[in-house]
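Paired with chain B in one complex and with chain C in the other, chain A is shared by the two complexes that follow.
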Partner chain A sequence: MIEIQGCVKTYRSKHGDGIAALGGVDLTIKDHEFVCLLGPSGCGKTTLLKIVAGLTSADAGQVLIGGRPVEGPGPDRSVVFQNFALLPWADVFSNVQFGLEMRGVHPSLRRERALHWIQSVGLSGFESRFPRELSGGMQQRVGLARALAVDPQILLMDEPFTSVDSQTRRLLQDDLVALHQKERKTVMFVTHSMDEAVRLADRVVLLTERPGRVLERLDVPLPRPRPAEIRKCPEFSELTEYLWSRIQTMQPDLRSRMSERPEEELDK
Partner chain B sequence: MTDRRKWTLRLVSLAVLAGVWEALGRGLDVLLLPSFSETLLAFLRLVADVHFWVALWISNEALLLGFALAAVVGVPLGLAVGRSPRVERFSGFYLDLLLVTPISALIPVLIPALGIGLASRTAVVFLFAFSVITISAASAIKAADLVLLEMSRSFGASRFQVWRKILIPAALPRVLTGLRLGLGRALAGMVVVELLMVAAGVGGLILRYQGDFDAPNAYAVVLSVAAESVLLMSLVRKAERKTLVLHGWTA
Partner chain C sequence: MEIRAEEFEPRRPLPGYLWPAAVGIAVWELAGRLLGLSSVPPFSDALKATFRLIASSEVQLQLAASVSSLVAGFGISAVFGVALGALMGRFRTIEALLDVYLDVFLASPSLIYVPILFAFFGVGRLTQVGVIILYSFFVIVAYTLSGVRSVDKSLVQMARSFGADERRLFLRVTLPSAWPMILVGLRVGAARAVKGMINGEMFIAFTGLGALLKTAGDRVEPAEVWGLLLIVLSVALIFLGLLEIIPQITWSPRGRDLLQRER
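Up next, the complex of A and B:
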């Protein structure tokens, strides 16, 4: 269980004036739960994810995982990054086994686990390819395999499908749905796509504009497994419509900013 | 462009250069400008002479020592400067100073301190090459993708692992470029110190032939230095490319 308690984060600029990213977030994520953090860009959702990852610390408040406060990165968590964060000089195999290598796993076991996950994300045969030879979607599959190879309990995904085209995005969502069905990891997934949030999550957490606070927690009662056709369900569009109406109640400048993303937000 | 066309063009440009040189050398009847053919003949005589090779070795000894020292000191220092603001504040100013100061102007200061032997020639080569190597290594580290650092930390990488697995591989291309640029400057330093202060090696040879008004030989020595530089630089370029391929940077 992840317990986020009163997390506040302010970034200081060089001139001393602060940018308040998080204004006191409380959130509890149960084991095996898939939670999507939804909100406009710059609302601090990535900051919140990084605090949970232990990559940055909160100015106030704390995060407990299994009752213990987070003081840094740990083997119970893996991060999937927006821009993939693959080593450009290393092939797919080396990238996937990177986390295992950092944790001192024996090379033969490393090999076995890496090959298993390369296969699981559908990249068999690409082991010795370099990231520059792969499409964006394939690169993020490498990122996903790397995160899963260390067998974390918690998967922290920071807008992982934002950097790929919309068709690839759907395919990746399909794969993640199937994967989550099998692995039942606890997932914290940051997105600004309502469609994506409803498709993937057990629960959508809507954050406000900066400084980010929890505006609403919304259960997604859609049954699992969720095939791609679930978008045609009336409940699906009801939920996305509802989220959209909630987002619209936020500040007007936000409304204009959200409508600048018709492809990602409105089209689906 | 095909390899053949490239070489044809190169040969044509060389032929044009040689032709113009030949014409000027014959037409201008100046004592210290030999024609191309005279220089070529002198060059062939020179490479058959053991004294030339001894002089070349003397120069290259300083080049080798000075450049190796610059690389061994410059790369680690540069990596440290790039990583640590404290080290940068401590040494950044002097590195910039060293980069822009004409090192030739320091030679008269160095000679009294180090004598006119190998030590001072090595020191000059070192000073010529050192700053560009260091600054390139520093910028290489600064250009490393911060997301990769964050990624490695998220997997619990130790400081040593961050260096070994992220920073050094990320810095490699720019470090190699810096070493190549440094070698170019080292070659310049090698000749400059011999011309200005310590009449040894190929520089000394040039001075001696000039003193004897033996223009063809003086030019032939200059030609040999140019040839060595071109050869060395192309070798280094090849080694650089090979290293990058070996380390996964390019196919």
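Up next, the complex of A and C:
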């Protein structure tokens, strides 16, 4: 179980003025639950995910995983990055092994696990290809295989399908649904797509614009397993329409903030 | 009948980079013959002088002295230069401490520090190696530093998310990512080391090829001067050519395996 309690984060720019990214977020994610964080860009979704990942720390509040406070990255979590973050000089096989290698797993076991996950994400035969030789969708499959190869309980996905075209995106979503059906990992998935959130999540958490707070928690009562045809079902469009109407209420304020720098750029 | 394209592949007479040399040599030969200046002998005479010089045991001895100083000086620069550059890139405090001095040493002509070497080591091999180090060390530090510093932040974050410790982060992410830049630094450093070798020999230590060049110049023996020049150019070319082995090894499939999968 992930318990996010009163997380506040403010970024300081070079001139000393702060940009409040998170304004006190409370959220509990149950084991095996698939939660999508949805909100306008720059609302601190990614920041919240990074705090849970242990890659950055909250100014106030804390995150508990299994009752213990997060103090840094841990073997119970792995992250899938928006820009894939693959090693450009390493082939698919090495990239998938990377997480296992960092955790000191024995080479023979490492190879075996990597091959298994390369197959699971549909990249068999591409083991010796380099990232630059792969499409965006395939690169993110490598990122996913790398994250799953370390067998985490929690998968933290930071807008993982934003950098690929919309057709590939749908395919990746379908595969992730199938994978989740099988693996039942706890997933925290950041997105700004309402369609994606409803397609994937057990629960959608809507954040307000900066400084981000939880505006609403919405259960997605669509049954699992969830085939791609679920989009045709009236409840699906009802849910996405509802989320859109809620986001629209934030729009006027959002537009005035468009000129400001998004929080990702300051997060270095 | 089907004709395959590759059967018509013409045999290339010369690799592209040899053409400028060929043209240069032709102009040199013509100028030498037509102008009739004693200071500019034709290329063929210079080449003859080169072979004559190479055959003499005196020249061989000095050549060996020069080359061994070059290898020692550049080797020390490469090992310690890459190490210092990596440390500066990795630790902000070390960089803050030394960055200014790196700039100072890079900007100032290396020969001005020679009197200090001279005072310690006198005229001889150690001074000569010291000059070569002064010429090549700092530029290798600078390239390594900038390579290490420009590592993709998102890769560092990725490695940390998988719990990478400092050692693994450095060996698996920082070093491979800085490697192309380090190789450029080594090449520039090697070129400067050759310069340092000749400058040091001609103006300070009076040994090796530089000393031969200087005495030949003083005795006004143009063919010999040009012949020595060709020897120096060959040393530089061979030295830089040998250095190309490093990227070839590290970027070959086998080298990649070594770099990536073991440990």
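Quick note on the criterion: the second predicted complex is superposed on the first by the 252 of 268 C-alpha atoms of A that agree within 3 Å, B and C clash if a C-alpha of one lies under 4 Å from a C-alpha of the other, contacts with A are read in each partner's own complex, and residues count from 1 in each chain.
Basically, a contact is a pair of C-beta atoms (placed from the backbone, for glycine too) under 8 Å apart; a residue touches a chain by one contact, two chains touch by 3 or more.
No experiment lies behind these values; they were computed from the predicted model shown.
Novice: Will chain C clash with chain B on chain A after the two structures are superposed, or do they fit?
Specialist: Overlaying the two structures gives a clash between chain B and chain C.
Novice: Contact-wise, after the overlay, does A:85 reach chain B, chain C, both or neither (first, second, both, neither)?
Specialist: both
Novice: In the superposed arrangement, which partner chain does A:23 touch: chain B (first), chain C (second), both, or neither?
Specialist: A:23 contacts neither chain B nor chain C.
Novice: Where does A:99 make contact in the superposed view: on chain B (first), on chain C (second), on both, or on neither?
Specialist: In the superposed model, A:99 contacts both chain B and chain C.
Novice: Could you look at A:130 and tell me whether it touches chain B, chain C, both or neither (first, second, both, neither)?
Specialist: In the superposition, A:130 contacts chain B only.
Novice: Of the partners chain B and chain C, which touch A:73 in the superposed model: first, second, both, neither?
Specialist: both
Novice: When the two structures are overlaid on chain A, which partner does A:107 contact: first (chain B), second (chain C), both, or neither?
Specialist: After superposition on chain A, A:107 lies in contact with chain C alone.
Novice: What residues on chain A does chain C touch that chain B touches too?
Specialist: 53-55, 73-75, 77-79, 81, 83, 85, 87, 89-90, 98-99, 101-103, 150
Novice: Give every residue of chain C touching chain A within the complex, in rising order.
Specialist: My answer: residues 152-155, 157-165, 168, 172-173, 176-177, 179, 256, 260-262.
Novice: Residue numbers of chain A touching chain B in their complex, please.
Specialist: 53-55, 73-75, 77-79, 81, 83, 85, 87-91, 98-99, 101-103, 130, 133, 150
Novice: Please name which positions on chain A make contact with chain C in the complex.
Specialist: Going by the criterion above, the answer is residues 53-55, 73-75, 77-79, 81, 83, 85, 87, 89-90, 94, 97-99, 101-103, 107, 150, 268.
Novice: In the complex, go through chain B and note every residue touching chain A.
Specialist: Per the stated touch rule, the residues are 145, 147-148, 150-158, 161, 165-166, 169-170, 172, 247-249, 251.
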